[in-house]
Each structure stands twice: as structure tokens, then as C-alpha cells.
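Shared chain: chain A. Partners: chain B in the first complex, chain C in the second.
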Partner chain A sequence: WYAIALQTSLLSFVCRVFLVRWSRYNPYYLEPEVSKEAYSRPETELSAEEKEQRELKALRPIKAATSGVSSSVFDDPVISKFINMMMEHGNKVLAREIMTQTLENIKKKQVEKYHKASEGEREAIECNPYTIFHQALENCKPVVGLASIQKGGKYYQVPIPLTDNRRRFLAMKWMITECRDNKHRRTHMYEKLSQELLAAFGKEGNVMKKKYELHKMAEANRAYAHYRWW
Partner chain B sequence: MATQGGIAFQEKVSRLLRGQNGKPVLKPNRALVLKDAVANRKPKKGEASCITEMSVLMACWKQNNFVDTLCSNEINSFYMCVEKAQADAKNKAAQSNIQGGRLPPKQATALLKRYPNLCKEI
Partner chain C sequence: MLQVTHVRSLHSGGRRQQQEAVAVDSEPEPFSVFRTQESDPACHSETHIGQYYTLPSAHIRTLFPSGLPWRYQQQVKTFNEACIMVRQPSLEVISYLKKTDYSKPALRYLFYGQKGTGKTISLCHAVHFCYTQGWLVLHIPDAHQWVKNCKELLPSSYNASRFDQPLQATTWLRNFRLTNERFLSKIKTKHRYMWTKREFTEEGSLLGELVDQGISRVKSSSDVVGAVMKELRLQSGQPGSDFHLAVAVDGVNGLWGRSTIKKEDRSAVDPEELTLIYNLRKLMRNDWTGGAIIATLSQTGSLYTPKSAYLPQELLGERGFDSMDPFIPVSVPNYSEKEFESCYLYYMDRHWLQHPQSER
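== the complex of A and B ==
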């Protein structure tokens, strides 16, 4: 009668967890608006289009917000994207830890520099790790990229304009791969990242070198720019 | 077209297949049925956009040894040119869609797939 008891318990199991968050939605669904500022604006401030948008949102179904976004003041889409790119095998906890440790490390180094500097130099030292991160990423973004275009049987590296997303992705990718591959193996990732980010903030370092090399290649191949058709 | 021509069209087709004096005019190797898709149009190859801006930017880079801060004006103008070119391409595509009078081939295929040719009774 052990088997019978097992069978009845299996039959009485009802799935209490219903899937509501998936990554592929019907195009009918709208994107969620996470920031609080968008909702605190009064009716009078909105233009006609925004009023229409609001009415549409009241009628259409909306996708579930991912667990990576939040409506807090500390939520930064760029940092979330960087954390996702650092993440391996879905270990978001570890990636977030590394990111927070990196920011802490940057802050420590900058505060140390601040206290050691003389009065005149203190204003020039930036202590906010978020501004350092954003500025470093901005400095690493390439302006033009190269595309492999086939013409007359041969492939040429043609300089092309890049979209903002592509540029941001390249900067982040270079940063992460450089920290993973070209540093001493016994240093922690947050240490490597903080070193590289501070170097990029000061416009030095291997990632900046990579960006300049890309620019130089594009400049060398500028004769092939007409092979583009868009 | 078949509903307009009606039975006369079907009779014409069968006469072509049977042929006069036993010799058929048409010998189709496939069934005379329309496909549920339309052939794609070859998109017209445009010209590369923002070449002048890019060449100005590269000249500035060559002069200043690839330092970006000294070339910030050229970089900004390049970005603006790129944005304008993208907006132009979008507008052009929308305009050509509306003006053509016909559906673009992708939308025509989607519509035909929704109302396909019925080849079986079930």
C-alpha cells in the first residue's frame, strides 16, 4: 500500500506556481515603465502624444518587468547591462558581488588619493565610482567600426558608423575580456576591473589602446568606405 | 480572376491542355496552382552615407594622432550625420510603402499565408 499512497499524493499535487514571466511575448504587449518620475508628472505637463500613450497603456497588456530592473534611485541600466555581460552560467549573485566590490575598490583608491593630495589638487579628483565607471566606458567607446564586406571575390574591412548600442557593447566586451585574459591570474576580478576602469578614466590602459588601434585600422582603410551601400 | 471569368476560363484552360486535334498546347510539368507566396524584390543598392563627415573625421585624427578630445567637433557632426541618415532611411522606407499602391512582397506573403490556397477538402 506504499505504492498506492505515493500515487494518490502525486495525483493530488496541483501546480501552484503559474508562469507569468517569459522572455518571448506577443508583440501586442507593451514595455513596462519602471521609473517613478514618469508617473509623478501631473496631467497638465504631458503633451498630446504622451496622453495617448498613457491611455494606450491603460488598455493594452504589459510585459512583466524582469528581476534585473527596479524603480529604486540606485538602478542603473548601464551597470545592469555590464553585470549581465560579466555573468557566467547564470551566476548573477557572483557578478553583482564583483560589481559592488569593484565600485567599492574604486572609491577606496580615489579617497586615498584625495587625502594624500594637496589642497589645490583635491577638487580635480573624482570620488564618485558611478561617474568614473560611466566616464571610463565613454572613453572606451569606438566611434567607427569595421565590417567585412565582400566585393569582387575578396573581403575588405570597410569603416562603418556604429549604433550606440553596438558601441556600448564593444566597450564593455573589451573591458571584460581584457580583465579576464591579460592580467595576472592571482588577482581578483574586482581588483583587475578597478585598475582597468581607473586607467580608462585617465585615458590610458589596454582598452584605450584597443580602441585606438581600431580607429587606426579604420583610418587606414578609409579608401574602401564607398563599398558600403547603406 | 477565376470568379470573374468563371466557367469560361476553366474551359479555356482545359482546351489548352487537351489541345486541338489531339495535340495539347500546354504540357505543364507542375500542377497549375498559385503559390501562397510572392517573390521578393531586390532592394535597390543605395550609396554609402556620411562619407564626407567620416573623411573629415579621419583627417582630423591623422592630424592630431588619434586623440579624441581635439576632434570632438568632427565627432559630433559625424554622429548627427549618422542619425539624420538613419531617420532618412526610415522615412524613405515608410514613404515608398505607402506610395507604391501595391503591398511590399513580405506583407503580401504574410497575407497570402493567412488565407492559403485550399488543396484538400479536410
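== the complex of A and C ==
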């Protein structure tokens, strides 16, 4: 759809916004490096490969950066991915708002618990919402997945290893669908998300249950593991 | 416990050292740069500007059952303590309150400023001062709540052309009873009030009975509010009474604006036709002695005003300005460098700023 739009643009009118990112870039183009720390490292610290990489970047053209990334210290690729997955009908503003409210809510609950706890318990309480989010997501990632493989006319559920991206995607997807479907209708999304994330951080909750069920199914179908050929 | 030595300041250290020296002299144990041990607003002075003082939780429950902004209430719940920063505008008003001659008519102080600069919290600081001095506090948390989102509107029993709001009146009376417990059994009414053909309040009965009457009989609660205001206004300056009256209104520009309440034939109700607003406007006139009126402008809750308006002239309108004139305007600016740093240190101390970059 985007490719056709590019072709027609040459023929008829000129689009106000030229969609460059999803057009098929020439493989010659390199990915942009957004973080400031990568550029502030002096020459001496780099290994030979990294020096080569730098020289290449000076010569080759670079793709345009998406509007979702920034060089701010608060930019997090995992959080951006989660926001994109939560987004509906292209409403990124709303998705970001929900995400910030979720993080604020998590921090509020943890700080409240921290101040009410006694001296001994205080060190165990984690207040940083980013660490809680990352840890919760890590706890939700499944180790093995199931694939439907056809053998002799029948389909079998075969346990297969998953790539990192697939695992991350599954964890986020389960979190979002769980919050959307299985909670009370009248609670806000940020409230539901913060409850679920805190539960996952403590290794309890519905998303953890789903992960354990998947693991159990994979364990049950261990006998078919040799049907996998890759 | 934040040690004074390892606090790094964003700006020049000269002022900080001076403040440290003062802190060491007045308090034997310098707790920190941004907190002060003085929890009595009467003792706050220029040296405490930029420092946070803790409001005792007993005072919060009685004084502000619903007077604090929502986000501040949540902050109090999260941090398990209520701290307010001592700032220049509220210190100014408190110093005026200490020096006024209470035999003259009541002075009107108006906090104005941009959105989010701290007008409501300055008002709460001044009200806390009045409470600790033993004054009777008449606190209306938000005048805009009385001109919009009205669930029940009754025609007034006292005056046919006016309207009553029983729900808002009863909530306010309950809060008033909570705040001013000790005065309810001391003050006596000077007039006789007839609520219906058979119910009346005799002259010389206690204020507490009047308030209870309003809370139990919901239909006449707005008239009870009017009666309470009238009684307090008449009695406050008299030589016999031993109390000072502090009237604190947040969002005072709502009294003279427009309202979104509609009558049954879908025409808008003028705020003057509401009993509560009518009586409150009478209280805002400075024809009584023995107290002070402290008010705040607010654009956030106001109806039909542009977002950029913050000056008294723009928000009060012509009628409002004429009725409030003469008043003492007190501008509430944004945080200065020192106040900002103090706020930052407070949040760091309360473990609110969690990002690793925030330590720099």
C-alpha cells in the first residue's frame, strides 16, 4: 500500500508528508544510532571493529529515525515497544499517557509501602517503576513455545525454542490482553496494568499462570520434540 | 537522614552557606536544608522560606476534610506525611494577619497567579495559621463546585425566586462541624429562625444545634448555611465575642461568573439566584469586623473563561471586581531557584525520584 502511494506520488500530486521509513530502503543504508553515550566514548576505548563501524557510518547514508525514538535518558526501547502494542487506531498520545500513568501508579504504591514499612523491610521494597516493569516482563517470558507441525495427516503441538523477540512479544501480548479482557469493566487501564505488573513482579497473577500452563503443555508433549526439523 | 555536608547545590554556594549558618544557630540539630522543625505557622519567618514544614495529621483531619487539592491529598497518602513549603506570598499574608487591627472592617486578601503556582496551598498555609491561633475558620474548598454539576436543585423555601442546593449545603455543614467543634457549644444565635410551620430555632440557642438542624433536615440546609453565615458575620466584631472569623474561599471568581446549572426550561441559572452563592457574596462584603477574608482565584475550575486568563481583572469580571474592590492582591509566582532545589531535595528524600539520572 505504501509502495503504491510512492509511485502515484511521482505521477500526480506531491504528498505533504513523504513516508520514507516504511518504503523499502536500499540495503546500503545503515540503522541510526540514537543514544548519546555511544558518541561520547573516546577513540582509545573502542576495539578495532567498532572503529571500523564508525568509519563506515561516516561514509554510508543512514536511514531516517522513527518518531518513536529519542536521545533522551528516559527513552527505553522495551517501553516504546509496549506502548506501540497498546496503541489502538494510531492513538499514540493516549497509549503513552496510559503508560506514564501506569508507571506513576506503580511508583506511588511502592513508595507508600516503603514509607509504611519498618526499617528492616525497607531495603527489600523496590521503588523504581522501570526495574519493576522489566523484571515483571522477564518473569512473564515463556522459555519454550508450541508449534503446530503436520506429520502423517495429523497436526501435533511440538515444543520449540523461541527467539528473544518472540518471547518478548508473547509476554507483552499476554499482559495487554489479560488487562483488557479479564478485569472489571469500570477500572482504568493504568490501574489494571499496574496491578498485573506488580503481581508479575512477585511471580503471581494470571499472566504467570498462563506462562506456567504453556510450559506444562510443552512438557507434556515432550515426546513429539523430534518432529521439529530445524 | 540527609547530611548537610554532602548536599550539592545547583547554584552558588554563598547563599546556602549563609542559610546553613542560620540553621545551625536556631536549631541545635541541623536536620536538613529543605526541612524545618517549626510546625507552627506563627513562628515561620523569612529564614524559613523554601523549607518544608510538616502539618500534624490531627490538624489535617479536622481542618481540611476536603480543602486540599486532589493531587496533594494523594501525595500525602503516598508519603505518609503532609509537608508544605514556606513561601513568600503566604508569609506576607500571615504577617499582615498578625498586625491587623480587628476593630476595623475585614481586609480582603486575594492570591492570584498562573496555573499551578501554588495558590491553593498558600491559602491552606494561611488557614492553618488561623486555626493554630484559635480562630473560627469558614473554609469553602471550591466555590466552582457550587455553580456546576448540580444533581439536585430545589426552589428555595425562603425566597421564591432563588434555588437551593441541598447536597452541597449538607456536605459543607458537615465539614464545618468537623473543623469548628469547639466553637459550636460556645456561640449563641441572636435571631429566631423559622424553618417550617412547626420547626424553628429559638433565639439564644447554640450554633451546634443550628448546624445539626441543617444536617438532619436536608431540605432547609441551604437556608441554614445562610443563617450560620449571617450569625457569624454579626457576632464576630462585637466586644462580647472572643473569636476571630477567617473566611477562606478557593476559586472566588466562580461567585461572579456564569453557571452551567439549568432550570427545567433549559435556561441558565444566574449564580445570584442560588441561595448559597447569594449568602456567600454577602459575607464577602467588608461590612463586618473582627476577622479577615482570604481568597484565591482559579481558572482551572472556572466556567466560560479563557485558559490564558489569570489576573484578577480578567477572572473576576466587572461585577466581581467592583464588589471585591478594595482588596490586597498577592501574586504567587513560580518556584525560584532555591525553592526548586528544595522541592527536588524533598522528593529525593521521600524516594519519589527513582531514575538513576536524578542524582546528578
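Definition applied: the second predicted complex is superposed on the first by the 207 of 230 C-alpha atoms of A that agree within 3 Å, B and C clash if a C-alpha of one lies under 4 Å from a C-alpha of the other, contacts with A are read in each partner's own complex, and residues count from 1 in each chain.
The rule is short, and it goes like this: a residue touches a chain if its C-beta (ideal position, glycine included) is under 8 Å from a C-beta of that chain, and two chains touch if they have at least 3 such contacts.
Owing to the predicted nature of the structure, the values given are computational and were not obtained by experimental measurement.
Participant: Quick one: classify A:Lys209 as touching chain B (first), chain C (second), both or neither.
Facilitator: In the superposition, A:Lys209 contacts neither chain B nor chain C.
Participant: Does chain B (first) or chain C (second) touch A:Tyr130, or do both, or does neither?
Facilitator: second
Participant: Taking the superposition as given, does A:Arg41 touch the first partner, chain B, the second, chain C, both, or neither?
Facilitator: neither
Participant: Touch test for A:Tyr227: chain B only (first), chain C only (second), both, or neither?
Facilitator: In the superposed model, A:Tyr227 contacts chain B only, not chain C.
Participant: Any idea whether chain B or chain C touches more of chain A?
Facilitator: Touching more of chain A: B.
Participant: First (chain B), second (chain C), both or neither: which does A:Val143 touch?
Facilitator: In the superposition, A:Val143 contacts chain B only.
Participant: Looking at the overlay, what does A:Tyr114 touch: chain B (first), chain C (second), both, or neither?
Facilitator: The answer is second: A:Tyr114 touches chain C but not chain B.
Participant: Check whether A:Val73 is in contact with chain B, with chain C, with both or with neither, and answer first, second, both or neither.
Facilitator: second
Participant: Contact-wise, after the overlay, does A:Pro161 reach chain B, chain C, both or neither (first, second, both, neither)?
Facilitator: first
Participant: Tell me, which parts of chain A touch chain B in their complex?
Facilitator: Going through chain A, the ones touching chain B are 139, 143-144, 159, 161, 212, 215-216, 218-219, 222, 225-230.
Participant: Which positions of chain B touch chain A when the two form their complex?
Facilitator: My answer: residues 45-51, 54-55, 57-58, 61-62, 66, 68, 75, 78, 82, 89.
Participant: In the complex of these two chains, what residues of chain A are touching chain C?
Facilitator: Residues of chain A touching chain C: 73-74, 107-108, 111-112, 114-116, 127-130.
Participant: Spell out the part of chain C that touches chain A in their complex, as residue ranges.
Facilitator: 74, 77-81, 350-352, 354-355, 357
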